[in-house]
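In the two complexes that follow, chain A is the common piece, with chain B as its partner first and chain C second.
Showing the complex of A and B:
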């Protein structure tokens, strides 16, 4: 009830923010303007410099290895780049598009199921008690072990592959949404109640917006699992993109196309993940970035 | 005058998490607040005044007794009562404008009218230039103005305030007190204002209700003699100092080390 020590500290922290964000964030070290003069700054202090060094080294090692061992073991970088062009000009991308369609369908179904379930689990203790043993058990289960069962149930076509994606993708968004909703500030809940918020609107106006950064993080992690499920499902039954990957690795071996396809898949996954990360950052509550008092 | 609050024989206990048994915070509370009155509840921290305020709002159900407003039994929170919280409790993902609109959304007010009504109260609390700011970008005093605007936007007949100025610095507190009085004097709502600051209670209130003990009882009700509109000079008047001392002696008589 009385202004506590914590509040005083918070007020102090606010003051720091007003002086400039940098001071607050990097309070461990001296401010940037006082950085050591021209002495110990090396390439290791720069994130991008470091990346250039490491990635450049890997690419160089790749190219040298490929040139020494020959394309039967490892295609050169130029050959792989030509392979990417090939994937599109030879029409292989059609298989990839069909695969991505299954991914999108499965992933969207997974989210449509996971977010409401997670929200209800986070909100109601008895739902949590009821469902969490199942969710936790399936979460740590090797989903690959369910593939034969899914083939029996759905065959090897569209719905089998979609189901694999769902089963891989669904758990992270459930668990994260539940955690996000569970830890919504008690004060915010009380406030919403004081303003006569109906139980349904509590979810849409309070719980889910408050938990949004958690939810999006769950979506991002779930997407990674969905990609994994997509590739494994097709490799298992040798269909679609999985069949291409398998074919390129067998005789007549086309590792240039194999690497090209892998790079395209990884690039797609990284792109989506980065977009979701950006969304996550935007959803974080705005803290004081300007001195406005 | 409409808006009369009647608290009848209210009792409330809380379960203790670590020990057996329960902690009785309120017992046999009777209080009548006439409509249009500015009523301040004062008492030491933990005396149950915030609990009583929440019972009046319907946020907490009493174990015994009841609260009636204009004769009608309070069964839960209502948008006819605006609540202002000590820690502001703004929704951090909403702008100032959207925070002020929160109650209006629950009332089902259409968008255009909602904006208009919200802007009107935002102007009332002098925040026109900060409509699109987020709470985290505002100082404590400004956040509490938003909290006040949010409560006023639904045009409630009662304003319930839980130590609303307890978390801001002294100067801001005094400014906010004066602004609150200006706004209140124009609207004549019934206000129930919880505070542990005796001077604040005397400066703002028509009626000061002193609570103490555990379980807590109302030990004194003081009718504040200062007129309206209340002049700033009241803060320095000998009458206020005398009343403050009187209330303090009342509270000290019941003070324990624990309290």
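Showing the complex of A and C:
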């Protein structure tokens, strides 16, 4: 009917599921079938067989490189593991907690702003048309260049980092919530209307539950962006965890502590992401899982 | 005919709203800037002369090209590696099994935390910047390529096998054309990430190009210049993304028609 609009929706959907949904789905995707048929079964066919081999190989290569090149190039694995303990025993974790607190503050503010905006954008075409140029432009462009402005406006303390987190985190929840509300099943809406559901109830009982998986996906992706913003913000002004990362990599170089910190950050990011993915799976009705594209 | 006319009028309405929204933004910006309520906001009537000034003697054009060059080299490397690696993962269940946790973990993790260690191994110059750009763009390209290749229906592959098509032809004639919308979308998103990575690299590694423009304006508290640079960078990034979208659309037109 309206080629341009359909095109745009499709492109938007692509963006969403490629950056979001699909990453969650990749590991459980349909079995790949290009592999030669009839290959003999071996230990490598077991889920963990090849994994152990490859991950073990990577760790071995790490350890050997570390032992050959020395700790100023790469710390050994035991040294790195000891580094994780040092981060906590030598009080560096205080910086981590400070960073975490600001991350949480900024992220919660971002969600409190983003979800209502996204819901209204998804519901009212008019609002969407007004806001979408800004949301889309800021979503795709580099938000890094806004940092100096924020530094001048807020200094380098609490509100600067909180604002960076907000600006980085706010767009995914907006876009995903809007997409979720927009895609609410037409029939669902019609049925609810037929039962004379009030607009308020429509929103809480029809739109939100149907859009919930999209919203949670938006929260998950937004959280990733929040962490990205936080690290960049702190690397820029050398404060908090970013300052530690930068300090450990400069003279006197402590790469054991650097990699320990990286492991802690990765573990934290993966943990939160996995929790949100699990929530997302629970909220997603079985019937609406993607079958077509 | 009627459909087309309706679509056109809807687009016109949307364009009008976009225009209104943009105009409203600049008016608000001007008012807030003139009032001096927010210290760091300078009105556009000061910002645009500063932007013209930057163009004239700040070498803004060469700075832009410098940053885009880093992005382009990184995109080329990340694009090739990403598509190859994504093809391997998409084709082989075994390798997917091994690499999926790592690739999806990389999505969740702030890549910029590797900036300090990139400086340890690669320094602050071009190689380090390109490496950062590659880290920024490669994962989305890998994931999209792998997803696209997994979408190739088994029935078609079986048919190809039945006709004894050789492996190279299967890839060239079936697998890649089928997966191309995903791969191209991944590359398109990769363009945006490359530009963001290059700007970040020019800001946080050796300050050069657009990064240097911003750093200098920030250092000397030249607010008008700083806002001009931020505004300009946003436009450059948006234009690059728009161009990538256009290319994507041109490449994919055969599929929709």
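Descriptive notes on the structure:
Just so it is clear, the second predicted complex is superposed on the first by the 239 of 293 C-alpha atoms of A that agree within 3 Å, B and C clash if a C-alpha of one lies under 4 Å from a C-alpha of the other, contacts with A are read in each partner's own complex, and residues count from 1 in each chain.
Simple rule for what comes next: contacts are C-beta pairs under 8 Å (C-beta built on N, C-alpha and C of every residue); 3 or more make two chains touch, one makes a residue touch a chain.
A quick note: this is a predicted structure, and the numbers were derived from the prediction, not measured.
Once the two complexes are overlaid on the shared chain, A:65 sits clear of chain B and of chain C alike. Applying the stated contact rule after C-alpha superposition, one finds that A:130 touches chain C and leaves chain B untouched.
More residues of chain A lie in touch with C than with the remaining chain of the pair chain B and chain C. Shared-chain residue A:204: touches no atom of chain B or chain C.
In the superposed model, A:89 makes contact with neither chain B nor chain C.
When the two structures are aligned on the shared chain, A:232 is found in touch with chain C, with no touch to chain B. Touch criterion met: A:50 reaches chain C, while chain B stays clear of it.
Residues 1-3, 7, 11, 14, 293 of chain A touch chain B in one complex and chain C in the other.
Chain A makes touch with chain B in their complex at residues 1-3, 7, 11, 14, 187-188, 190-198, 201, 205-206, 209-210, 212, 283, 285-290, 292-293.
Within the complex, the chain A residues that touch chain C are 1-5, 7, 11, 14-15, 18-19, 22-27, 29-35, 44-45, 47, 50-51, 54-55, 126, 129-134, 137-138, 140-142, 144-146, 148-149, 151-153, 224, 227-228, 230-232, 235-236, 242, 245-246, 248-250, 253, 255, 258, 262, 265-266, 269-270, 272-273, 293.
Taken together, the chain B residues at the contact with chain A in this complex read 45-46, 50, 57, 59, 76-79, 83, 85-87, 89, 91-93, 102-103, 105-106, 130, 133-142, 150, 154, 163, 166-167, 196.
Remark: chain C residues 3, 6-7, 10-11, 13-14, 17-18, 20-22, 25, 38-40, 90-98, 100-101, 103-105, 107-117, 119-120, 140, 143-144, 146-147, 149-152, 154, 157, 170, 175, 181-182, 185-186, 189, 192, 195-196, 199-200, 203-204, 210, 214-215, 217-218, 221, 223, 226-227, 229-230, 233-234, 237-238, 241, 245, 249, 256 touch chain A in the complex.
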